[in-house]
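Take a look at these structures.
Common to both upcoming complexes is chain A, partnered first by chain B, then by chain C.
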Partner chain A sequence: MSFKHYGSRKSGSVGWLLQRITGIFLIFAMVGHYILMHYTPETGHSYEQSIARFSNVYWKMFYLTFITLGLWHGLNGIWSILRDFKMKSWLAITLYGIIVISGFAFWVLGVSTALKF
Partner chain B sequence: MKVEKTREGYFKLVASYKKEAGGWAWIIHRISGIVLTAYLYVHIYALSTLTKGKEAFDAEMALFQKPLFKFLEWLLFAFVLAHTLNGIRIVLVDFGKGAYYQKKAFAYLMIIGIIAFLVMGYFIFSHEINQMFAGLI
Partner chain C sequence: MKVTLRIFRFNPETDSEPYYKDYEIEADPKDRVIDVLHYIKNEIDGTLTFRRSCLHGICGSDGMRINGKNMLACSILLQDLGYSDANKTYKKPIVIEPLPGMPIIKDLVTDFTDFWKKYEAVKPYLITKSPPPERERLQSPEDVELIMEASKCILCACCTTSCPSTWSNEDYLGPAALLKAYRFIFDSRDEATDERLDIIDTPNGIWRCHTIFHCVQACPKEINITWHISKLKQKLVEREI
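So, the complex of A and B:
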């Protein structure tokens, strides 16, 4: 059975469900994000506008959610692609480690940027 | 269960499958997902310049306003559209009755995607397009 190569007995069903829930959130968030950023080539991109949004508590909450769920959705997706391959356990653990560590590092970078203002 | 190694290798094996809408959707979703995740890292890193002050941020934004980056941004939107629209199809299949109409849904959603891609092209390049036609009017 494949699961023994991943050091886990989880079927992945929780990940499957969360992937869909975060995906539904990201559909709406992405539509809003694109309208805001590209209504004209300049909208949303200036320093002042970005700072104003990050200084607003509601926008801040939105961005923190966006960063968190976006990263989780993307990295869980990458991991579920990798799980389709038959990997030696050392390779699976290494790749999983890279996903978790890099994901956490970029999450900290994103969150610290949003919280600075 | 012992998984037998294929003589052709994984990619040739996948390529040899008969692909209908779902097969293409599956491949497109994976490729676009990997691209978008990689972009998300770049995006978070690029936006962290905000903490270095207005000058640094404005210099970076000026770089992203160059035609090459605008074009890449437009290309990125193609991946976003493919992934988002096919994501809707996946949710409908998993949570709704999408299995009955998933092929049609794929076709319609991709048509919507192509239209949205072209419309976004206008928004991203509106200055250039307006300049181009300004001489004609």
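So, the complex of A and C:
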């Protein structure tokens, strides 16, 4: 068993706070999503109805926020779990890189889809 | 009543692996676990090794895992473990193990070296920079109330060794050190708040706490450690923004 000096590198407080703020947003967003998409038949799931929703500026803003905060919350959560485990720095950097690159790729994909209509 | 104690045994000088040994003894429901351990050591097997000192829940020496839970052997009666009938022979053994997640020196004695290093890391002493007053540094009753619960910690390590975050990352500061950090950060006389906040705001510091509450369940002094850690998190966020 080894022990490392803890140093004075600041980390975590902003991420911790944002994780909670985005979590609260996602609770409401997910509940809203379920009510509208799964329990309100008139919302509609057809292509035309989906396009109409995406063309609405408020829906567009909601989807862009949802994509951004949802991705950030999920990936920051994964990174937070990974950091609970002791790992070599090359592995930590690799995993962090995968998370950042995949997060950015998914964000571009989501945003470009939402902005198409 | 008759009870069996199933005790974790390991002597690194002679054993290649740990094992459990059963001791069947006559005991009273009002005996403490430490009493029956003493009986075994004094009357049955002198090689059994465990720590204890004050025997009154103050020194924190005899923290161990009893029936799967971290607790002080001197502060738990056999009847508290469900062995309450003086005329019965209990088949279910009382399982006694060392505190988990620590290197074992022998039997129930664990190596506290890392625990103390983490404790030292948060600077567990009053730091003042202003000149000393003529008499003592005074505190209001409200100031004392703020750190009263945290001051009750006896450093038995029951909390830190019950924390899954500590199990997965041995470099994590752990609840006991964080509680000690709280005790001085929220002490109105202390003048090293930022210094200590810097120490706990690190990758292996406070953010590895995920409010699992095992520390609260394990604490023999019933300190709400998670609440104190949450207050530290709030303090860090307030400082950051």
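We take it that the second predicted complex is superposed on the first by the 103 of 117 C-alpha atoms of A that agree within 3 Å, B and C clash if a C-alpha of one lies under 4 Å from a C-alpha of the other, contacts with A are read in each partner's own complex, and residues count from 1 in each chain.
Please note the rule applied: a contact is a pair of C-beta atoms (placed from the backbone, for glycine too) under 8 Å apart; a residue touches a chain by one contact, two chains touch by 3 or more.
The shown structure was predicted, so the numbers you read here are calculated from the model rather than taken from an experiment.
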item: Touching partner for A:Arg83 - first (chain B), second (chain C), both, neither; value: second
item: Partner contacting more residues of chain A (chain B vs chain C); value: B
item: Which of chain B and chain C A:Ser13 touches, first, second, both or neither; value: second
item: Chain B versus chain C as contact partner of A:His45, first or second or both or neither; value: first
item: Chain A residues contacted in one complex by chain B, in the other by chain C; value: 1-2, 85-86
item: Chain B partner contacts - residues on chain A that touch it in the complex; value: 1-2, 20, 23-24, 26-27, 30-31, 34, 38-41, 45-47, 50-51, 54, 67, 70-71, 74-75, 77-78, 81, 85-86, 102, 106, 109-110, 112-113, 116-117
item: List of chain A residues in touch with chain C within their complex; value: 1-17, 80, 83-86
item: Chain A-touching residues of chain B, taken from the complex the two chains share; value: 1, 3, 10, 30, 33-34, 36-37, 40-41, 44-45, 47-48, 50-51, 54, 57-58, 61, 64-65, 70, 77, 80, 84, 87-88, 90-91, 94-95, 120, 123-124, 126-127
item: For the chain C and chain A complex, residues of the former touching the latter; value: 103, 111, 113-114, 117-118, 121, 165, 168-173, 198-199, 201-208, 210, 233, 236-237, 239-241
